[in-house]
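Next up, some structures in structure tokens.
Each of the next two complexes has chain A plus one more chain, namely chain B in the first and chain C in the second.
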Partner chain A sequence: MQVIVCLKQILDPEMPSGSFHLDPNRKRAVPPPGTPPVLSPFDENALEAALRLKDGQGAKVIAVSLGDKLARAVVKKPLSAGADELVLLEDPEWEDLDHFASARVLAAAIRKIGEFDLILTGRQAADWDAGLVGSALAEELGLGCVTLARKIEVVKDKVRVERVAPDGYEVVEALRPCVVTVDSELGELRQITMPGIFAAKKKPIQEWKPADLKLASPAPARCELVDLYLPKRETVCEIIGGESPEEAALKLADKLLEKCPA
Partner chain B sequence: MAKKIKVLAIGELAGNQLSPGTRELLGGGRDLADSLGARVGIVLLSESAGKTGAEAIAYGADEVYQAEAAFLKNYQPEVYLQVLEKIVKKVGPEILLLAQTATGRDLAPRLACRLKTALAPDCVALAIDPDSGLLRMTRPVYGGRALAVLVCKTRPQMATVRFRALKSREPDPSRPGEIKPVTPELDQSKIKSKFIEKVVEEVKGVPLENARVVACGGRGMGGAEAYALLEELAQFWGGAVGATRPACDSGWVSSARQIGLTGKIVSPNLYLAVALSGSSQHMAGCGNSKMIVAINKDPEANIFSFANYGVVGDYRRILPPLIERLKQVRKGPKD
Partner chain C sequence: MLLDLNDYRNDMKRCARCSICKWPPLAQMKSWRFSQNCPAISRFNFHAYSGGGRMALGLALAEGKLDEADEELSNIVYRCTACGACDSSCKYNSELEVLWPIYATRARLVGAGCFREEHGPIIESLRREDNPLMKSKSERGRWAEGLDVKDLSKGGQAEVIYHAGCLYSFDPELSKVARETVTLLRSAGVEVGIRGAQESCCGSMAFQLGFQGEFIKFAESNIDDWNALGARKVVTSCACGFGIMKAVYPLLGKKMKFEVVHISQYLDELIREGKLQLSKKIPLRVTYHDPCNLGRKSEEYVPWKGTEKKVLGQLIVREPEKTVHRGWEGVYDPPRDVIRAVPGINFVEMERIREYAWCCGAGGGVKTTMDDFALWTAGERIAEAQSVGAEAIVTACSWCERNLRDAAAAQGKKMQVLDIVELVKQAR
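Now for the complex of A and B:
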């Protein structure tokens, strides 16, 4: 079995709020000095899903990352975690693709890889939070797609997925190959170990350019970003204090009873 | 000639009624259509539509495209996509709206691909630009740290809308409107996935989305047992308990209780934020609460920049006396 996992390098979504700044001209967030980029956390969940399939029934896991200026320490992490191969799609032309254009490039790379039973990615990239690429990839490749997986099993010619629902979960079966997007409920990526890091040094990395994929230049973006700004917040917090926590608690109780009676 | 349908919503049913998000789409869609001088349509797919067509008209639709079939009973992406693609192409709207629900977020991206258009997911505001007549779609990005305004160059201009971002109107049973039955056709050979079953995980107590008061605990609660304190606190108002993602991921609380960007969205009168830091992704789910009260031992915690009232301290020393006092008040003055 061959499993392809698509992972995106993004600004650390959990950086402290003081580190987050926008470049109003480029309409982009500015990478904060000293906070390295990360793999989008849901993509790490997707990698974990792939590694569990590898542990359980045996699979070759190929990680794919698309973008420009990919930090090797970041994008090689899947190899250290247990993936078998890495494909890097890195080019200035691929820096600022919209979701649909990204799906098109990924689809071309996946066709070039050729053989696969399952394509996994995170439910959404934790920078633009759109959740489009996985679905668009399935449409590009003409495959079925199951979103928001919390558990994935491969049973004969089918992939059986538990997908997160607001009040529980759904069980869905899709013919393979198919695309599955993964939710954090599936579980965090395993710890990276020293032997893992050493083993990664011997694993193959392929670097492909637009010419390798025989792609025409990217289609113009279907959407225009006309503005990007920080929301204004006008709330001023009144701190309720006291000589002791108990006293503060009682004062808070009075405030709550006044503002929001039962 | 009747005005054109320029705004089309894709509705969802909750039992034999429209879902709350669908009513909001109709209210918001109505506003957009009115500023374009156009009409609003809605598509309703179901096993049996009952009175939902008439309900949609009362909430603001001018035309209802109603497809009924046994195979539409449960949402199945490839089935719904086939039926919707045909209807949307036939109506040819300028604007296509879905709710950002479990169904909407699964369906909309693939529908956008089939319509060869873009999609602005999870929008919090929609408005017609008075100069260009185009739809300005505002959506939170970077986990809610920033807002992006998008304009779509292809048609339809397509958005999914976050719960509570648009306002539903008061239903008017006398509104005129037309129900147009559509016969759905299905090419079974194109179906690649199959719904097997739905497993509902019972959460006891008031549903989060409807609670007037929500007591939410974060990673700082330290374990599952501590949530009993939040239950007691919420009980005073008949409220509900929520949790942040780390608390759910650690298994302290059912993930059905997660509030935030990737959990539930609530807007209660009172949000009690206990031992949680106030990350942008969490605040995406509760930032519209009428009043936020924070209890956190770190005076620098981000939650204090969202809260109206705050207490700096260890919740273990603050919640017990607070609950005690509320209980006393509930019992009434001592004789």
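Now for the complex of A and C:
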């Protein structure tokens, strides 16, 4: 069995609030020094799902990451955790792709990999939280898609998924190959160990460019980021006094009526 | 934001490559054998590994002349215990910052995702388990099981809180020191509380590795917790914790309603006040190893912002005046006074002491990820202790103790390594 896991490098969603700033020209958040990018936590859940399948039933796990300036210490983490191969889709052209363009590039890479039984992604990336790439990827590849998995089993030619529902979970079966997006309820990625890191140094890493995928030009963006800003909250405080509490109360009532006429 | 490489551009530009950072000041040298002060340049013998070399690397990074993702660059940057000896030596006759540009270089690389893969599990462990040792946080308070001490994780407040630190909490050999500390404080009449399983790392490891965002979370959380627990005094055995709490926590701008005290200072105070009496003779020839974080790195760091003017064509005058951290205000005398208070002890100094002390080799994440370098550095210190005829090295830092003990065992050297608390306990 061959399982492909898609993992996105994102800004650390747990960085201290107020420590980053926004670049209005590039419309992006800029982290402070000393805050590295991380893999999206939901994608780490997906990797954990793949590794559990590997542990339980035996599988080859291939991790795929897409973007530009991918930090090696970050994107190699799946290999340290137990994945068998890493495919890096890295090119300036692939920086800041929208969800559908990302799905198109990932689909092309997965077609190039060729053989697969299951494709896993996180339920959403923890930067934009759109949750579109998994489903769009299934659409690109013409495969079935099950979202919000909390448990995944492979039974003969089917994938059985416990899918998170508002009041519990439902069990869904899909023919494989298919795409499954994974929820945090599946569990955290296992602890990386030093032996795991040293073992990872011998594992194969492939780096593909647009030409390797025979992608002539980037797909036109279907989503446009119009603006990115921190909402401004202004608080104005006015002390309403008076000779007596009654007088202060009357003045307050007048002020309120003035601001919010009946 | 604490660490921005751009803040140190002028310091890095003014480094004259004089190499004074590689040696203790001439007036402090006592022999050729122990005349070096920087473990990295002594071991790897190439300028890039020295304080000055690191300034050149930092400047090149700040000016965009170096590829951040280069693995060899990462090797050089992290083969350094961040002990600050270069900084103290440089400031013997200058005002340049050396240590903080080293920290800022790391933060710059980490921000670009160019940290060492081996640091990933350490940071992951901090995020999940509140310690850098990959131990379960539920086991943190176990060292105190059976002790008569107020566990604040179960409620209540305390004016004196003992912060054991990660290594004293989890290392089976060293957690004895934490137990003995609480017993000593109780016997001296101190109503001490501990945070049990709720105690968390001080963030020093994250800070030194350049993971500034992670550090800020731990520091702010610790300050809030100690304030909320009504602490007036936070006593710690962990020199790394002490150093970071004294030098860096105040920069976060949060009100610290408590005083931070190292156990060596508190023991010294209790002995002077007659609350702890040492009566048993210990006829041992001992020396004292200054932990970097208790000594030169524990001075409160005051970042300088202002204007620089060149006068007489070469001298730089700063407005406002810069607070220069030369390492002189570290904790040096209290541990020595405690040792001298032990009856029968024969205390002898090594050659490199106080702000010019040789590092044990464990700092800056080196012990966790480059143990061979850490052990070599500790071996040099043990050789120095042997050269003055010491039978035991007394120190006051869990990481120094762990590394010195490991080195003595690995190199087959006959040298006892004692925590200052162990020494006091034996003398009671």
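Everything below uses one rule, namely that the second predicted complex is superposed on the first by the 232 of 262 C-alpha atoms of A that agree within 3 Å, B and C clash if a C-alpha of one lies under 4 Å from a C-alpha of the other, contacts with A are read in each partner's own complex, and residues count from 1 in each chain.
FYI, a residue touches a chain if its C-beta (ideal position, glycine included) is under 8 Å from a C-beta of that chain, and two chains touch if they have at least 3 such contacts.
Model, not experiment: these values are computed from the prediction.
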item: First, second, both or neither for A:155, with chain B first and chain C second; value: neither
item: First, second, both or neither for A:227, with chain B first and chain C second; value: first
item: First (chain B), second (chain C), both or neither touched by A:35; value: second
item: Touched partner set for A:193, first chain B, second chain C, both or neither; value: second
item: Touching partner for A:237 - first (chain B), second (chain C), both, neither; value: first
item: Dominant toucher of chain A (residue count), chain B or chain C; value: B
item: Partner chain in contact with A:12 - chain B first, chain C second, else both or neither; value: second
item: Contacts of A:123 with chain B and chain C, given as first, second, both or neither; value: first
item: On chain A, positions contacted by chain B and by chain C; value: 14, 188
item: Interface residues, chain B side, partner chain A - complex; value: 77-78, 101-102, 105-106, 109-110, 112-114, 117-122, 136, 140-143, 145-154, 192-201, 203, 213, 236-238, 245, 248-249, 255-256, 261-262, 264, 269-270, 279-281, 291-295, 299, 302, 304-314, 317-322, 325-326, 329-330
item: Chain A residues within the chain C interface of the complex; value: 9, 12, 14-16, 19, 31-37, 69-74, 76-77, 80, 188, 191-194, 197, 200
item: Interface residues, chain C side, partner chain A - complex; value: 1-5, 69, 104, 106-108, 110-121, 124-125, 127-128, 134, 210-217, 220
item: Residues of chain A defined as touching chain B within the complex; value: 11, 13-14, 17, 20, 22, 29, 98-100, 123-124, 126-132, 134-136, 138-140, 143-148, 160, 164-175, 178, 183-185, 188, 220-231, 233, 235, 237-241, 245-246, 248-250, 252-257, 259-260, 262
